[in-house]
Each structure stands twice: as C-alpha cells, then as structure tokens.
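Read from first to last, the chains carry the letters A, B, C and D; within each, the first residue is number 1.
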C-alpha cells in the first residue's frame, strides 16, 4: 500500500478526544442489552453450547415464519389489480385537472415549464387563438425524462397539474412516452364559461390526442438543431479569439515558460 | 472557539493570511507555498486541533482567471470550523499536496485534479478519479465543452 | 516541481512483493464493477496473495453523473431533486442538506412544524436505511433470509412515505422554505403502528443475526480502524462512531429539532466490523426513541412559508452546511455570485470518504473479510460518484 | 420379521443365464430409470427448495407456471436447454466441457448403491460404504476442473476453496461413518440397515451415534457446498465461484448435481443413522414394532430422507457463511479431534459389547 509511505507515523496525528459529550453516550459496543453474553464469557465448553444455542435461536425465527403462512407479504401484482390502492399523492403520471365540463385552467404562464429541472414540459400556444389572447395548443409532458420531482405541481398558481397514481405506463416505443395532457386546445375554463352559446364553445375548442406529443417534440428538436449549430460555431470562434489573445499576451510578455503540464496529460 | 478568536489565532500562526469576505464560516486566504506548514500546525496546535479535512474542492473564477481552492477544516474534539482559501493561476495551477497532513486529501485532490486540472505537487498517486485516464479536458471548469453536453433550451 | 500524473494501468502493474517464504505469486483481480457485493458499480482492483488481500485500489466513476455540473445550470429549487439521486437511501437528509444551506444563505424562515416534520421523516428514513443495510449485510455474509426480513420491514416505512410524500425512494420532499406537503392525516397513526411493529421485530433481528455465532466470528476483530486513523481518513457517521469518536452532528451542531429530543449516540470501541454492526443496530433503537418523542408533539403551523414559484436569491459568497445522514456527514458547499443559480455547488458525501478507509481496513484480511468490511461501511455507490 | 434383500443387480444376474437379451434390456431399463429418477428428484428438490426458502422468508416463491408454480422448474430447465452454450475464448475447451459431466457422473454412480427399500437397490456391494465414499469424491474433480478450465480467477479461487474444503471434510465424514461401521460390523449398506432393526444407530450407540450423526451432517453439508459452507460458489464473495463461466445446459448439470448431492447426503444420513428403509423399532416392543411395519419400507426411506433434506435447507436459509480459515479451523481443530475421540469410544463400546437394546 503506497499510502504507508505517504502517511505520517500514527503518533504525529493529533489524538482526538471523544467530543465533549453533552449527555451520555451509549456504552461499549457488544453489550447489547445483555443479548450476547456468550462471546464475552468465553468459557470454552459453555461457549460452545451457547454458540450452538444461538444457531438454534436463528432457526427458530426462520422456522416460525415457515409455520405461519399468514406472515407472507408477497403481493401478486397483476392478479390483485382490483384491490391494489395507491395513495392519493403517489407520483406516477402527470395529469391535467379538467373540471366537470372538461375545461382546464391553464393560462400558458409557463411557470411549470421554467421550473421543470429537466425540460420535461413543453408548452405550445395556439398560433391563432380563437377567443382570448393566449390559448393553449398542447401541453406535452415527457415521461421519459421526468424525474417525478413534483416541482411543476407545487409551482402551478392555478392548480392545473396533479400527479395521479396510474403507474402502468410502460410501452414498447419511447415516443409514446410523450403525452399531451390537455384534452382540447383552446381557452381556459373561465373564458369558455363566459361564452353562452354551446356552439361557440365548441368552435373555440379543438380536441387533442394524448399521443400527439411525439410529433411536437420532433419538430422542436429539428428547430433546435439549426440554432445549436449556429451557436456552436459562434462559441468556437469566440474561443479561438480568446486563445489567440492569450497567446499574443504571452508573446508580449516574452517570458519563455514551460507549457503547463495539464495540457499534456489531459 | 469563536470566529474572531479563531481567526486571530490562525493569523498568529500565519501573519500574511487575510480574511476572505463573503463567507459564512471563518475563511482565510493563504498563499499556496505556506499551505502545508500551516495545515500541519493547525492540526497539531492544541488550541486549534483541526484534525478533520471535511472537504476540499475548487471554484473556477473564469472572469478573474484564477482557481480558488477551498479547504474545509473541522476540529472533531473542539467542534469549530475553518476554511482555507488558496488561489492559483488557471493555466498553471500547481499547489502543494496536503496528503501528508490529511490522508483523505489524496482522494479529494485527485477529484480536484480530475474536475479542475489542479496539479498537486508531491502527490503520491495523482491520476483521474472519476473519469478515464485518457479523458480530454476538466469538466467542472466553466469553459469546458464536449459533444455530450446537453444544454437547456431557452 | 514533481507533479507526475499517473494512470490506473501504471498504478496496478507494480512489482510483486510476496513476503511468504513459499514462492507464491500475487495477482490482481477485478472485483466489480459488476460484482454482487459491491452494491452497484463500484470497482475494486484487488492484489491478492492466495486468499489474502494485499492491496485494494478502488476505481470510481462508473456512475458519475456530474451532479455538481448539473447544479450550475439550474436554480436552487431544481438542484434539490438531484441530490435524491446521490445517496438514495437518505434522500430526505440529502434534500435537507441543500435546503439548509440555501435557507441559511438566503435567510429564509422556517417554523417548528416544518422542522419537526423534517426531523421525523429523516429519522424514519435513517431507520429504513439501516434496515436495508441490515438485510444486505446478512446477504453479503451469506445469509439470504435477513435480506427479506429487512426489506419487509422497510416496506412499512416506504408505505408511510408513499402516503405523505408520494414517492418511495427519490422524494424531493424537503424544499427551501418548507416541506412539499403537509403530513398525511394518517401519518401519526401509521408511524405509531410501525413503531409497535418494529419494536417487536428487533428481537428477531438479534436472534437471527446479532447473536449468531457465525456472525460474531465473522465480524469480531475484522476491518479494524482506530479512532485516529478514522478521523485522518475523513470517515464520518457510524464508521467513525464505531471507532470510538462520538462525532454526531445531531448532537454537536444540532439542527432541526434534535436539540429538543433526548437520544444517545452509540459509540464503539475498537472500530471493527462488529462495532459498526452494533452501532447501526443501536442507532435504529435511538431513532425509534426520537420518533417516539416527536410523533405526539408535532407543533401546529404552516408547512410552506414561501411562494414555491418565487426565485431564490442567495447573496454572493461561500456557504456551507452539513447534516448527519444515515451514513455520515453530508455537506453542501455553495458558492454563489448573487444570481438565482449556484455558481458552484459541491457535495461532500459521506460514502466518498468512508470508502477511502477500505484500503486500511481490508488489507491483510481475506476476501470474505473484505466483503464484510465493505458491507459494514454501508456504501451507496451513487453517493461516491455523484 | 426378516427383510429379504433382492437387488436389481441380483435380479439381472438371475435372468442372465436364461435369456441374456432380456437381461440386457433389463439393465438398459435400469439405467434409464435411475437417470430419470435422478432428474425428477433434482427437479422436485429445486422446486421444494424454492418454495421452502420462500416461506422461510415470508414470500410465496414461484406461483405462475402451473398450480402454485409446480411447473416452474420444468420451465426453467427448458429455458436452460435453449440458452446459448458459451465456452470462454481462453478456456480449456475440453476440460470445460468435461467438468460438469464428471460432476454429474459422480452422483450417478453413488446412486446405484443407495438402498431405498429391500427390493429397490441397484447393487448391494459388500463394500458399499467404501464405494459411496470413494465415488462421491469424484464430484470434487468436476468442480476443480470446472474452476481451473474456465480461466477465470474467481472460478479458480472457488475451485481451490472447494477442493480444500471437500477433501478436508471427507476425513471427518469418513470417521463418522466408521462409527456406524464399527457398531454394525459390516460395510454393506443393506447390512447396516438391517443391523438397525432393534433401533437406529443415532441413539443406540451410547451417544457416540448422535455425535457421529452431527459430525456427518456438518461434514456432509460442507462436502456438498451448501450454506453455511458454500464458499466455493459464495455468491457475494466470488460472484458464482467455480461455475461463473458456465451457462445453459452445462450450468444446469452443475446445478442439478448440487441438488442431487443433497439428496445423496440425506439418503446416506438416513441409511447410516436413522435406519434407512427400516421402520422405527424400539427394542422388543413387538406390538409397536408390528404397527410400524405396516408402513412400507420405501415410504420410511422417503420420509427420513425428506426430513434430512428439510433440515439441510433450513440450515441454508438461516445461517450466514463461514470464512475460509474458520472453515478449516472447524474441520481440523474441532470436528476431527471430536471424530477421533468418538471413534475410540465407540470402538471401546463395541469391544465390551454393550448396546442399549439387544440385537
């Protein structure tokens, strides 16, 4: 162990004292409620018998569970689907709070989108709002990148989002993990309720399919790709300029110095 | 020991140590060359007894072109804390190692080398800790870039 | 200047230093990254002389995710959920560490109800972490059954968390400014039921493992770490306490409501595997005591004191605070430049330092001792790699 | 009541002069029957182990394939048959392939000497005990070869541990066997069973029997590499020990031979110490003995063997594993001296000719 050559001899390390004990500390390791007497009283023959007894003590525990099938805790999952109850707060799937009419209250404030730590929420507004100024087109939630941190739910000022317990969300194609949460594209509940005419309401709303999120994300990715390439070129140019400036400064200093080793080893 | 007394006591050991502003624990800026001697005395001084190097890491101040090394010391028996701050040049970051004073520094310094490229003089086993030996660049530097970095779309 | 950058290959291709008069040959073995008892993707390169371990060279980074770098790219509230993924068995304590440093730096207020809930859930999580450790420890020593008993009892706490928090492992519950939800109406009842249940199970734990002669023989005198070396090597938590140093942040720098509850700090004597085992078993009992004292005395009050969507501004400077997780001291070093995102955030994780002791503990023992020692440190690999 | 022993080998011998063809068909059928019996026993044991382990651990175990998962083992066997057969590139291919076969063949050979009932025994050698001890040692050869030929350090470690362990514990097991041989005065397995008509050796032998029984059980458990002596494959230490590099069918051979080893151990323990197929008799209590005789000998054998198997499983699902040096210490410093003393005491008993119950 090369550490030996590095470390100082044990004496040179300051000897620590036990912290000033505010109250008591529990005593010495081993004296656990008088449960393990046999090892401390090391009478040879008695020790052996106590040792054997300790083995039987363990067998009594396991044997006891074998004899009592009621202690089995296994849940047989697909069979117990009907009786399986998950707690209300269980975070399995993000969902929109739609009211009884099927209207939501999302005003496109994008607070949740900003609060999301891993960009799992993508909100797009309608290009041509029907009634109000800003209308939700699609609220896409990406289960595949979500970490279920619940931040979007607590930051939402209008209580639009909730997590519910439908946990059976496995699919064979991960594009299907991008859900469109809103059932319709259109104005919020309060605006819709102001419209007296049911036909007008219907005209303002456009149904949304839960699985239309993949296309939206694909379009977004295409758009970002182009900007990213441009950004990268700009960054690289800036970096080259900085390096050149530095080299010039070094040359100006005219101080021949060995190049830093970090560059060589990296 | 209370913070003002502590700072005074350390400054008695190292007169050119200055107090770093903006820190919630007593923090002293010390020159790199004095680090090992000071740490040894901090550890062995019966009134100070900083026997635990709680953590050690670096901060990349890109705008000021320096790396700030922070050593967080704790005294287990006396229960007080001290932070040492050492600044080094970003391009040639060489500092003496604290391995001989605090053995745990061996790993902490390897991590700092791995992430910031700080070279520790006299370190017995200076190599990458988390990344592979042939990794290019030091990821926690502010100007680090690589092809795998994902950026948050704005 | 004598800076020399080495490589892993150079590190493990040293000359054989066989000391046996019989000319045995030492050899290197990779234990991990996929090995049942490295608890994840830890890799230990062992230099073996027959069955005897001559050297342990840990190789890290197989689950390094750059949490510190990710932290620089999001705001403070967004960083909290990342630390769940470090030590996933102490996710709440990790949340609390970040929350504490942010609250301290940004001078955010809390009330007693928030602190009581935080203390309660952290202690419950300490129990469940130790339960899982107990099971895994048995598994590493070759006994399969404790694993299931430990997990079965841990499930009860997970169910309590599921009701109150909504998650079982990565909770993101303790937030700057409060806790994410108020406790569930059933919380007090459930916790009391659990305590009754758990107190009836502790004797079974003892009968199955603690008193077992094989366990005693396997653990006594194995993997010793003296108090001086433990501190010098930066060990904290049960590893340090087993060596005889009563360093527990819950006592020495009380946070939350720890100053108001009565509990003891179990301390070992020799720092061997048995002491570490015993310290953890005793800590479970102490945590039960803490929960018992707090569960009937949760003060009234609000549980979230700020607007969750509000940006948190931390004044420029270096901020540090630490908590005692189930494995030791978790410190969060926050360097701020006054913006709403951390300039640099560093986590001092307990497992990182505790693992560093493995070289000292396991050298000279057998492979079986190495496994027992590694398990008695109770490593969680994502906590090491971050 | 006398127990006429008629083995399958003897029946074949009777047939041989008259019709050699019938006799050879008989032999073939016997071979098939033994193999089939072993396979079925292995499958049943694997299922039983999984179910029993599950209930020790508050679980249910396999529940899906068939009623309460009874077909699970067959499904697993089919899966193993269909898996890719991998021989590592740098392995010694011939030995790698040979090892599981050897390990299995050892078991097969032991099987023919086991007296399951007066009429159900393949061959009744007059050196049966010696034969079983010798042939069961063949299993370690398979383990050693498997570990060595895999060209994997973990496998090698496991194989070396297994070699050291099995050879060491063989000594104690044999010493314990000798106690019974001394008392019964014969090496023939059917003779040993018949010598227990007045009572089983476990209690009839003045305490020497129970000590020998304990030693034999411990040493036997160590020989078959089961917890708490499963160092050879110690999952948490050596990943899987000697069979780390095995997959598919070859792995299943190792797996099956491990379970059959357990059956052989249980059968030998019950034969030597618990009277084998002999019903429970107590001295001269004729009425009691008569009642016991109603239960057929085959069932007695099955019951005793099942009880022993259950005990071994119970050990496995309760105890942690020993360390390698403790394992050796247990053998050479504890079991072996006790075994020797036990042997001397029982020899003295036999010489003085005192038994708890008359022959």
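Throughout what follows, a contact is a pair of C-beta atoms (placed from the backbone, for glycine too) under 8 Å apart; a residue touches a chain by one contact, two chains touch by 3 or more.
Note that this is a predicted model, so its numbers are computed, not measured.
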{"item": "Chain at maximum distance from subunit C, centres defined as averaged CA atoms", "value": "D"}
{"item": "By count of C-beta pairs in contact, the leading pair of chains", "value": "A-C"}
{"item": "Central chain of the complex, centres being mean CA coordinates", "value": "C"}
{"item": "Centre-to-centre distance between subunit D and subunit B (centres being mean Cα positions), rounded to whole Å", "value": "63"}
{"item": "Rounded Å distance, subunit B centre to subunit C centre (Cα mean)", "value": "24"}
{"item": "Chain centre separation (subunit A, subunit B; CA means) in Å", "value": "31"}
{"item": "Subunit A and subunit C: spacing of chain centres that average the CA atoms, whole Å", "value": "19"}
{"item": "Junction residues of subunit C - those touching two or more other chains", "value": "3, 5, 74, 145, 152, 208-209, 212, 214, 231-232, 245, 247, 252"}
{"item": "Junction residues of subunit A, two or more chains touched", "value": "3, 7, 13-14, 16, 18-19, 55, 58, 61-62, 73, 261"}
{"item": "Contacts with two or more other chains, residues of subunit D listed in rising order", "value": "56-59, 317-319"}
{"item": "Complex contact set, residues of subunit C against subunit B", "value": "1-11, 60-61, 64, 66, 68-69, 73-74, 104-105, 231-234, 245, 247, 252-253, 315-320, 322, 329, 331, 333, 335, 343-344, 346, 348, 352-353, 356, 385"}
{"item": "Subunit A to subunit D touching residues, read off their complex", "value": "55, 58-59, 61-63, 65-66, 69, 71-74, 76"}
{"item": "Subunit C-facing residues of subunit A, complex", "value": "1, 3, 7, 10, 13-16, 18-19, 21-30, 32-33, 35-36, 38-39, 50-52, 54-55, 57-58, 60-62, 73, 86-87, 89-91, 111, 115, 117, 147-151, 154-155, 157, 163, 261, 265"}
{"item": "Touching residues (chain side subunit C, partner subunit D) in the complex", "value": "27, 29, 35-37, 51, 138-145, 147-149, 152, 208-209, 212, 214-215, 217-218, 366-369, 371"}
{"item": "Subunit C-touching residues of subunit B, taken from the complex the two chains share", "value": "20-25, 27, 51-55, 57, 59-60, 70, 72, 76, 79, 83, 94, 102-104, 106-108, 113, 115, 119-123, 125-133, 139-140, 151-152"}
